[in-house]
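See the structures that follow.
Paired with chain B in one complex and with chain C in the other, chain A is shared by the two complexes that follow.
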Partner chain A sequence: MEAVIQYLLTGLSVGSVYAMMGLGFYVMWSAAKAVNFTYGDIFMLGAVLTVVLMDIGIGLLPAALLAILASAAGAAAIERGFVRPFNREANAIGWMLTTIAVGTMLESSTTALFGSNPRMLPSPLAQEPIRLGGAGIYPQELLLPAALVVVTAALELFYRRTLLGRAMRAVAYNRTAAGLVGIDADRITLIAFALAGVLGALAGVLIGPVVQASSTMGAIIGLKGFMVAIIAGIANARGVVIAGLLYGVTEKFIEGYLSTAARDAIGFTLMVLLLLLFPQGLFGKKEFSKV
Partner chain B sequence: MSPRAGPRIAVALMVAALALFPWTGDVLDTRWPTSYELRLVIRAMILAIVVIGLNILVGFAGLVSLGQAALMGLGGHVAALLALRADFPFAAAMVFAVALPAMMGAVLAFPTVRVRPLYLTVITIAFGFVFVNVLREWVGFTGGASGLASIPRPTILGEPLMAVRRTGFNLYYLIVLCLLLALWVQWALARSRYGRAMRASSQSENASRALGINIVAIRTLAFAISAGFAGLGGGLFANLALFINYETFTFSASIELLLMTILGGSGTLAGPLVGTTVLFTASQALQGLHEWQTFAYGLLLVLVLFLMPQGIVGGLAALRRRLAGRGMAERRTGAWPNFVPGFDAVASERDAAGQATLITRDLTLRFGGLTAVNRVGMEVASGTVHALIGPNGAGKSSVLNVVSGFYRATSGQVSLFGETLAGRAPHQLARAGVARSFQNTELFATMTVLENVLVGCHSRYRAGFFATILRTPRFRAEERGMLAEARMLLEVVGLTGFAEEQARNLPFGHQRRLEIARALAPRPKLLLLDEPAAGLTHGEIEELVALIRGLADRGMTVILVEHHVEMIMAVSDRVTVLDHGEVIADGPPAQVQADPRVIEAYFGRGAAQGMPAAAAHADVPA
Partner chain C sequence: MTALLSVEGVRVSYGRIEAVRGVDLAVAPGEFVGVIGSNGAGKSSLMRAIAGVLKPAAGRVSFDGAEVTRLKSHQMVAKGLAMVPEGRMVFADQTLRDNLLLGGFSRMRTDRAGVMRDLERVLVLFPRLRERLDQEAGTLSGGEQQMLAIARGLISKPRLLVIDELSLGLAPLILDMLFPVLSSLNREGLSILLVEQMASYALAVTDRTYVMENGRVLFEGRSADLARDPRVLDAYLGRRRAA
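Showing the complex of A and B:
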């Protein structure tokens, strides 16, 4: 029973990270029908930059804030420089290749400059585990689901209630028509990538104290975030959140009852099977493409 | 010199250079190449085999895999494990080293490419990570980090295979042979319906499906072939090094393979060789960069994509085209329709005269709350031209899209050629005899005019995949026949002079002609034309009318969605009028033209009262 609670709690925690990353992919995909393929590196930058900024004497919260803003700016720059010029035609694949290349450059330069060893991201919430029904967990890990709830609600409000959010939905629905009513679709897309950058870097900062910051921390998590978004049906925000949490919990149970080594192999196989059964995703509607 | 001589000479020179390379030392009386250099060349050849596979995927099918190194690793480990643990002879182990990755490729491709090509890329990255992960953790089976060592030396007929002088460099020559084989498959594929279908599906999914191409199948095939080549490379690698572990097959190795493909020029036949050679040479130099080496690959990929997206070979070819294009004579546009003698065969598959080719009953199509088509019943007799008209938004194109399988009807029945074909996919209906054009022309933009028509012949080929790759005499005869027919169709629409031109360079009117020629290539029984006259000049419309009449006179059934009233009156045998998704009139053109409800739909209430033909019904209070 203790083990079950333990897996559930840590699963929800790591699942929140996948969900936030999945939301980031959702935000980018909706606006651009393209994504930053190596979004995991934005996540990594959030944590690594926080550590670097704390090294030069800045406190945890301002450092985290600065790191998130810097990562978001980086995400926007990637959209402007590497996605937009390569996403002009309907079936373009150039943006896939350019963002992968940039991701490789980000990761390897971080390894070279920051070092290949993981570094601590000290947080007062990750010092002493607390006990919950026999399970031990850092308060920092509980912060993640809470942050996810806030982020999801804020995103929903943003999309529904603000002019910018509505413009973003309009662009997602029909880019040309949005342009015709005076929305600058390119600018909206840039903002969407920056917004996704905030989500990704925030997730990195929040999980950093638990998993430590390193140049390679983003690759797998970015990939899982993407797969979670695909499994959910990439155009459904709530679905992405649910799928992210489910995947996190499933993973912890596999890890607990089988082995860490089996975790990704089984998780991955599950995803392929789900995609086989639900081509449009678990929560996705059949897409209608006009002929 | 004939245009094909250049590549042939290049291939001959390459074969000669590769054949002589191990013996260079004897000729020049030096100690070069040493076994080290020999080994480098062998490794480059193995990589080239993998890159050729990737080129088929990226360059032909427009899909991206970032798990290619892992698929190579899978082939390598299959070969190594079968030799080590099951005492498989070399040849048998290699068969599995190719077949298992190919199957794995199909398993990864099928669920993903039917949704979105992008998903394949994501899944291949995931496969790559998991593959390395499993190898690292499953120490008992794969040796973990220490890998699989002392793989037994490969033999064929008891002869040990080694790249040394004593054995006549037999392993070296075996790998040269494999490379030539890969080049052959790539070449044969490019010049076959399979390669054309791959390129077509990457350029316009809709047009491909309308021509009978099963997009999911062709993409799965492309990835299976590409994974098979990766496996072949991996298997050879294991048998060369006699040692294998996961470190060779990581994500960055996949990026390197992709970089080679793009750098050489994806979609070109020589690109993989050039890209592999250039990058492999460069990577020997880049090794000194240590942790910055991966960075350099990323930077190089970005630079190539920005500066020469077509790669080295593609860029040179474009340059040569531009130089050759200067001073070329103006192309002659032929008169159309030009019903050349062989043309009657195109309509040879027609329905029996008098049969109803299409019957719809209560056909309804809803998009959410919007009813686009409401209980439409119509009957189209074989060998007639049936026009479908109505104001904008009346549901004409929606009916066309249901009949051609692109939309699924919410309710009601559709029967085609006397069969109920509800729920069939567009490519199945195309094979049953439905062809169509698109409102916004959907040509395969970077394929030539002739290739566009040849894609239309796709579903009529009988030669299977292996006959095609082996280019059996039967296949070649068939290919010649299709080529003749495609040229004949170009003659009919007057585009013979443009056969080798890329479709995107055609003027608009010519694009319309090409689309019709392509739609005729499958020899359809029923041809659906969606606003074929839009954007055409007056003269072109008259020619189009002559073509459509000519088709109907030869027994083909034509459904025409059109706004151009004069044209409809001139060409149609029967007209169905839709308004707000419902049939408001149906009959011969003259009768429909006089129908007050039709006039009202087009011009509004009140207009009908002013029309003399409608005067008899004008007593309805306005």
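Showing the complex of A and C:
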């Protein structure tokens, strides 16, 4: 029983990371019908930049905030330089190659500058585990689901209640029509990628104290976030959140009852099977037709 | 009088297919101009080039005395040209109110009060929209969606309203309601460029009409004259096409 609670709690924690990453892919895909495959590296930058900034004497919270803003600016720059020019035609796929290439460059240059060893991201919430129903967990890990709830609610409010959010939905629904009411769809797409950058970097900062910061921490997480978004049906934000949490919990149970080695093999197999059974995604509505 | 919109030698190509092959067209301030012609004549491509949805392969578009050939659609809206696109393109997943507010997107930051006033004004124009303000636009009938698309265009406060295929898929009853609204908007000073397959409707409300075929303007003239012109009678009024 204690083990079950343990897996559930840590699963929800890591699942929140997948969910936030999945939401980032949702935000990007909605606006551009393209995504940034460096997204795992934006996640990584959130954690790594926080450590670097703390090295030069900045406190945890301001360092985290600056790191998130810088990562978001990086995400926006990637949209401008490596997605937009390669996503001009209706079914363009050039952005896949260019963003994967930039991701690889980001990762290796971070390794060169930051070193290849993982570094601690010190957080007062990751010093002493607390006991919950027999399970031990860092408060930092509980912060993740809480942050996910806040992020999801804020995103929903943004899309429904603000003019910028409505404009983003308009661009997602029909880019031509958005232009015809005076919306600069390119600019909105840039903002969407920056917004996704905030989500990804925030996830990196929050999980950093638990997993340590390193140049390679983002690669597999980015892939899982993308997978979660696809499995959920990428056009459905709530579905993405649920799929992310479920995947996190499933992983921890596989880890617990089988082994860490089995985790990704079984996890990815499950994902492939699910996609075979639900080609539109678990919660997918029909994708809007491309205009 | 200088033209509000002037189009000179505009060509539009899709790959090797040339949809518009050198068209000249003008709209004077306050004028109600029609473009008629059969399906595939290049009317919609011409409108999309004028509105900045696509770039013309050649030619020049001027609006209000300035060249706007290379501007994008959102920049054209800011200049005062709004287009109601073929197929309406309402934002089906958003409420009517939000659709209308998005129509005022480019004015929202500088003139929110003006947007709200114009919102009220278009609801007077189309009372049926008022009853459905909180409904999602996707739940509207085709006629109501066309009303919404026109209202959404008006909220950007255009000086020229371009309407692409007003009648497409709409019942005569709805058209008998929509055309008088356009006429009254025009009488209040709005310039309108209307693309229409139903030639009889277009000729009845517009001042002047261009007839397009195969990507070119065949001829143009006062709508009242064209309505009696044998060339128009034979090709467009004799056997009226289903929309």
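By definition in this document, the second predicted complex is superposed on the first by the 287 of 291 C-alpha atoms of A that agree within 3 Å, B and C clash if a C-alpha of one lies under 4 Å from a C-alpha of the other, contacts with A are read in each partner's own complex, and residues count from 1 in each chain.
As a convention for this text, a residue touches a chain if its C-beta (ideal position, glycine included) is under 8 Å from a C-beta of that chain, and two chains touch if they have at least 3 such contacts.
In this text the structure is predicted, and so the values were computed from the model without any measurement.
Asks: Please determine, from the superposition on chain A, whether chain B and chain C clash or fit.
Replies: Because the two structures are overlaid on the shared chain, the partners are seen to clash.
Asks: Let me test your reading of the model: by the given contact rule, A:I183 touches which partner, first (chain B), second (chain C), both or neither?
Replies: second
Asks: Count the residues of chain A touched by chain B and by chain C, then name the partner with the higher count.
Replies: B
Asks: Have a look at where A:Q127 lands relative to chain B and chain C in the superposition and call it first, second, both or neither.
Replies: In the superposition, A:Q127 contacts neither chain B nor chain C.
Asks: In the superposed arrangement, which partner chain does A:N174 touch: chain B (first), chain C (second), both, or neither?
Replies: second
Asks: For A:M227, is the partner it touches chain B (first), chain C (second), both, or none of the two (neither)?
Replies: first
Asks: I'd like to know which partner A:F82 touches here: chain B for first, chain C for second, both or neither.
Replies: Only chain B is touched by A:F82; chain C is not.
Asks: In the superposed arrangement, does A:M271 touch chain B (first), chain C (second), both or neither?
Replies: first
Asks: Could you look at A:T162 and tell me whether it touches chain B, chain C, both or neither (first, second, both, neither)?
Replies: neither
Asks: From the options 78-86, 150-158, 528-536 or 582-590, pick the one stretch of chain B whose C-alpha atoms clash with chain C.
Replies: With chain A aligned, chain B clashes with chain C through residues 528-536.
Asks: Do any residues of chain A touch both chain B and chain C, and if so, which are they?
Replies: none
Asks: Taking the complex as given, what residues does chain A use to touch chain C?
Replies: Those residues of chain A that touch chain C are 163, 166-167, 169-170, 173-174, 176-185.
Asks: If we count contacts the way the header does, which residues on chain B are in touch with chain A in the complex?
Replies: My answer: residues 62, 64, 66, 107-108, 110-112, 114-115, 117-119, 121-123, 125-127, 129-130, 133-134, 137-138, 202-203, 205-206, 251-252, 255, 258, 262, 291-295, 297-299, 301-302, 305-306, 309, 367, 397, 401, 406-407, 438.
Asks: Could you please specify the touching residues of chain A with respect to chain B in the complex?
Replies: Going through chain A, the ones touching chain B are 37, 82, 85-86, 91, 93-94, 96-98, 100-105, 107-109, 111-112, 116, 219-220, 223, 226-227, 230, 259-261, 264-265, 268, 271-272, 275-276, 279-280, 288, 291.
Asks: In the complex of these two chains, what residues of chain C are touching chain A?
Replies: Per the stated touch rule, the residues are 51-53, 72-74, 77-78, 82-83, 85, 89-94, 98, 101-103, 105-108, 152-153, 156.
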